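Note that subunit A is present in both complexes that follow, paired respectively with subunit B and with subunit C.
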Partner chain A sequence: MLERALLSPISGRGEQGPRQLARRRQLVAQNAPLVVAVVLVVGMLAIYIVLYAISLSAFPGTFEAASITDHAIPLSLAAVGQTMVILTRGIDLSVGGMMDLTNALAALKIQGGFLTEALWTVIILLIGAAGGLLNGLLVAFGRIQPILVTLGTLSIFQGLALWVLPSPGGHVATGYTSLFLNPNAPSALLWVILLGLAWVAFRRSRLGVQIFATGNDEQSARANSVPVIRTRLLVYVLGGTLAAGAGVALATTSTGGDATGGDVFTLSSIAAAVIGGVSLFGGRGSAVGAICGAFVLTVLIDILFFANVDPLFQPFFQGLFLVLAVGASTLVGRYLMRRR
Partner chain B sequence: MSERDGTAVKGAELHKAYGGVLALDDATFSAAPGEVHALVGENGAGKSTMIKSLAGVIRPDRGRVLIGGEEVRLRSPQDALRRGVATVFQELTLLDRMTVAENLMFGREPRGVGRLIRRRDLPAAAEKVLTEHGVDSVDPGELVENLPLHQQQLVEIVRAVIQQPKVLILDEPTSALARREVEWLFGLVRRLRDEGTCVVFTSHRWSEVTDLADRITVFRNGTDVGTHDELSEEDAVSLMTRREVSTAYSQPEQGPERAVVLQAEDLAAPGLHGVALALHAGEILGIGGLEGQGQQELFHALFGLTPTTGQLEVRGKAKHLRSPRDAIRAGIAFIPQDRKSEGLLLSMAVRENLTLPILGQVAAAGVLRPSTERTTAEGMIEQLHIDARWPGQPVGTLSGGNQQKVLLGRWLLADSQILLLYDVTRGVDVATKQDLYSLIIELAGEGRGILFYSSDTDELAHLCHRVLVLREGQIAQELDGPGIPTEDIIGAAFKEETHA
Partner chain C sequence: MSSTAETPPTPSRLRTTLNPDRRKIIYGFAAVVALFVLGDILKPGFATASGIQQVLQVSSFVGLVAAGQTFVILVGGIDLSVPWVLNAAAIVMIAQASGSNGQLWLGIVVALAIGLAFGVVNGLGIALLGVPAVVMTLGMNGIAQGLSLGVTHGLTCSGCTKPPPMTLVNLMTGKTGGIYTSLLIWLAVIALVTFVLSFTTFGRRVYAVGNSQRVSHLAGVNVKVVTVALYGLSGVFAAMAGVALAGFGGGATVGMGDPYLFQSIAAVVIGGTYILGGRGHYLGTVAGAIVLTTLVSVLLATNAPNYARDIVYGVVILVILLLYGRGRSEA
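Moving on, here comes the complex of A and B:
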């Protein structure tokens, strides 16, 4: 369009050769938190294997691998939903309540033949979307702080869950369960990979970019023609849907339904996202990191078990680990930035 | 006025009021395709309000905006962009946690299978765009937040240009750029002009205006006072300053005393380059110049808000101010223009706001004595004519001028001997302004040293014993008063330095 000769070029950057390397270093530095999360997963698995070998004089096999992945699935789903919301500089405290509700519904309704089971799965996901829509409407149009909105809806969803299932009970049809889980092989890993791939594609979609822009700076996002209100709305709908998926997954991994079983996921989904390098200030992070975070937290429980930590002290070590992991991630990120 | 090849963009008979202040008063501005049109005027003359009206940022109260001869109602900057008007504002709108490439290619990303963005191709695509526009210095893979400000400005300009606008508006585009980059920008602008683009720009550097502009429109007091092909600096200054004397100003009767209360040597901070000044007891020392020439940086430096190098003496004693706390202890008080973010606790009572820095004096053994607090506050409310119904009234419910008085009163109670007043009369109604003027003169008469910045040149001219005019973070000229001709202040603000 413009002839270069007519302009005075502003040059002064490095040669072509070492630039390939520089670009790679740059990518590593820019994604330092994700790199740290991957390293953490690998490290935690290594520790787990060593502790397992020491205490049982054998190596963990497919059964153990299946157990870890099965347990990590509900948290992974919840953490990915949480990540999307956090990326827009919001937060979704209602994840736990939504999982309570959908867990209860799944335990009661997902049984009695393929058709009903499929139908109810869709209905439950739609309920998640509707709950997310409620959050989104209040945040995007009501201009209420996300933390207040979702604190309110958390209680609402918890209340609904208890109304649906006053006492623990019910169970998901066995056929349905085996579709997702297999005690003898980590087939659930397939779902994790699908979830990761879905994120990679989503990150490359228009909405994906708009989520990052909105969380980066609302004003600048507007200047880039991003429909900020619609983006916020959609992100809570997606978050709610994923939380519902997590609730269904929780019902399939546990033996029965429990209207309070999802409560812990409010905080653990946030923890998984943060360990995965998602910035609470918005605009920075990856759902792949959050999935790593979910696995780290899941393996941590097994490690504490094999390390013979009194179950009563588990929360103490989980908290300690969270603080250390996030601190390490920050330090490594800073180091990588400075080294360039 | 005859228009060349029609108009590309026009604001006709625009009015815009902010509160009681008229920012635009029947102002008309039009620019033609294939011309570079400069908009000049002193602070508050209405040029940025005009630009914002044309860019869709604000909606004028009355008047018409035309793009390509067609009347439009612009709802947002994106609306203006869709109609072919791209604007580079002084405040950058880049997404700083994204890379240069993501910003440049936003909404125009290379897409592959399933319309998904090919993220791997982004840097190369952005690099191509950058080189096409003659920019080699910016790394497209870098996060915007890691770029120096002048490079961010380059990216912002390139991003506006690649929208291929019919009208490109540049609001002070050169203030952040290095000399070589300014030359680059001029080349780019001339090229766009030759291709038929209409370029509107503002600049505080007169040489840039005469270098680049085909036509110059001068604004004064919210309206246009003439469009010229050629305009000398002297004529421009006289156009910008000719005015009716609107208000009678009180002038200080007493001169300053001999004693120096605040002396700075070689003061430097980001945006401030080696400023030396001496403030005497009883003196009102004006700080002038166009907006954004280092005035705010100077005030922040003197109040310990920014890390600063250089020597500072307060009443003969060398001081290093590391924080506002240090400054307050040295007897320095800062009254900012933005009362909300920089000083007042809006939801708290007038009384509490007044006594905040002197809690020790109204408390006994760490416990507040309400009666002492109340009488202290009531005394000050009386003395400063603060229009509060009762001492417990939240400060946020007072008018701007009265909030300013509360802030002033707070520092009087704290017995500050050096007052840094930063554009305190902005947005204040005329009557309260007069109150503030007499108050400032009275405070100086009591022997305090007052550093007074105002974006209103008339105020500086009448109120100050001396005025230092800042340009690009340095003192460009010192003028002796009181009663300095406003032309002199504005002339000094625009004058180009002839340094090598």
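Moving on, here comes the complex of A and C:
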């Protein structure tokens, strides 16, 4: 409500009044998490390059860039899906299960000619949408808390994944993998940029605005004739579809299919979104930030490698990083709020 | 008020005693009975005294973890650090005791202290820094995991592959007066937690903070102290479960705590505790833990394949929630 007052066109035009100053501060507060996320990515990349140069006395080239992007793609997709849901004050724990299922399906079915490969990609994305629809129906009409709905569907999707692919195996057709993988150039960066651009457009679409309205203040949104239930439903459908895309990407960027390979993405997609400045309380955040978060987490692993950290200690530093990054940005946010 | 004015009908004593929250606990235990009957039909001999005791014994581990989870969910939080706090405590206890009964008690104390320490750090991050509980406890889970694996070199150190001391094994697998000793320990915990929640000032404060932090602050409750204490308790309960599991399962293994994250949350919620805090009781969680374990046992008894078990498990959780876990209508 405060924002609306601050951003309304009535606030003095032309002159540099206190309102405009407040408005500019509001803009800073709104976008500060995104700026922090971008700074984090740049900083992490700088640390990575320095460590790489020290330990190998050479600079990372296109191969390294390609490796980082390839590894970051599944997490980026999952984190963007997670962001959509978190923006409406929800959470999707079934991301890991959906990625298990779609990863297994992709490893088994995406092969044997362009037509079948394309067809199965569409089918898998539709399965993701259907799983998301189930989540959405239970949240919007079943009126069960999102965390519980997706806890239940997580188990269902994991079961379906094991049914599809009882033991690890299968692989995506080699021609198909070049869509995502290219050892010589970070061509997968194109997908990331497309994803970011799609978000920038989506953010301004009708549904995009409705998502933010629902997440910010559901009652006001409803009073302003935002179809809250439909928005909720669509957010989970989008989240499921993106998780399915992440599952396909995971099958493509790894050597084979594994019906449990997606499990870790449930929590890491949340971590990526939060590092990217998406507020768990809804209504604040950007998918661009979430993508940044995914890259930060991916580069962090490489940094730990070049810093000669014992791989067994890796989760320690990942956890520490998560706590420190979010703790610091919470403190910065509080400071900005106080100044305003 | 004049005597002619219509006074609102006073709810009968039965209705006040059986408010919706308490009714959920009864439904939970009814579901347990129904599941045992179903299990006995599917596999005759499932619901014998010893069969029931075995299921209850397995439930006690979920029940211990879920005690801490109930506390933090009652104030609207969540503890995702349970798996590796549990695992770390088990490893520390095993390594400290290193197979001898003499060192067992010190091992248990150190393990519980470590659980408390992780929990308190969780609480401090959440209460003082204002980090969301999901993020703070998720990060601490990683920290506990990295420390456990790194310090023990992937659980290859000489002390950490030792079997648990016999005293602990006997305590966890033996019987006292015809009942599993571990069940008696759980009963003591149930009595203690129920007492704390229902009959102490601290318990009242927990519900107050869960209902509204602001109002409880204005009413003189130190919200931060309560929050830190509850996360500390959650760490202690997870550590307790770790010690118990190490004794029951014959040692510490990597990943032994992983199943207990989602199971503890599910037990709390199936037991009727409101995920956003302020309403619910540990007795409901107890019912939830037994429901989940019985369900898994029934599914195991039917010899259903793994994948079918996962699917049925998820469907049953959702059905139970649809029956009584729904929020108020948002018309």
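Throughout what follows, the second predicted complex is superposed on the first by the 308 of 340 C-alpha atoms of A that agree within 3 Å, B and C clash if a C-alpha of one lies under 4 Å from a C-alpha of the other, contacts with A are read in each partner's own complex, and residues count from 1 in each chain.
Please note the rule applied: a contact is a pair of C-beta atoms (placed from the backbone, for glycine too) under 8 Å apart; a residue touches a chain by one contact, two chains touch by 3 or more.
Just so it is clear, the model here is predicted, and its values are computed rather than measured.
Novice: Subunit A residues in contact: does subunit B have more, or subunit C?
Specialist: Counting contacted residues of subunit A, the larger count belongs to C.
Novice: Quick check on the superposed pair: does A:Q145 touch subunit B, subunit C, both, or neither? Answer first, second, both or neither.
Specialist: second
Novice: In the superposed arrangement, does A:N224 touch subunit B (first), subunit C (second), both or neither?
Specialist: The answer is first: A:N224 touches subunit B but not subunit C.
Novice: Just to be sure I read the superposition right, which of the two partners does A:T153 touch: subunit B = first, subunit C = second, or both, or neither?
Specialist: Only subunit C; A:T153 stays clear of subunit B.
Novice: So, does A:L320 touch the first partner subunit B, the second partner subunit C, both, or neither?
Specialist: After superposition on chain A, A:L320 lies in contact with subunit C alone.
Novice: Applying the document's definition of touch, where does A:L133 land relative to subunit B and subunit C: first, second, both, or neither?
Specialist: In the superposition, A:L133 contacts neither subunit B nor subunit C.
Novice: Touching A:R284 in the superposition: subunit B (first), subunit C (second), both, neither?
Specialist: Only subunit B is touched by A:R284; subunit C is not.
Novice: One more residue to check, A:L207. First (subunit B), second (subunit C), both or neither?
Specialist: So A:L207 meets neither subunit B nor subunit C here.
Novice: Just subunit B (first), just subunit C (second), both, or neither: which does A:I123 touch?
Specialist: Once the two structures are laid over each other on A, A:I123 reaches no partner at all.
Novice: In the complex, go through subunit C and note every residue touching subunit A.
Specialist: Those in contact with subunit A are residues 78, 80, 125, 129-132, 134-136, 138-147, 149-150, 153-154, 262, 265-266, 269, 275-276, 305-315, 317-318, 321-322, 325-330.
Novice: Quick one: in the complex, what on subunit A touches subunit B?
Specialist: It comes out as residues 1-4, 6-13, 23, 26-27, 30, 201, 203-205, 209, 212-213, 216-217, 219-225, 283-284.
Novice: Under the stated contact criterion, what part of subunit A meets subunit C in this complex?
Specialist: By the definition above, subunit A touches subunit C via 91, 93, 138, 142-145, 147-149, 151-163, 166, 267, 270-271, 274, 280-281, 310, 312-323, 326-327, 330-331, 334.
Novice: Touching residues of subunit B toward subunit A in the complex: what are they?
Specialist: 76-78, 81, 93-99, 102, 106-107, 109, 114-119, 123, 131-137, 139, 141-143, 154, 180-181, 183-184, 187-188, 191
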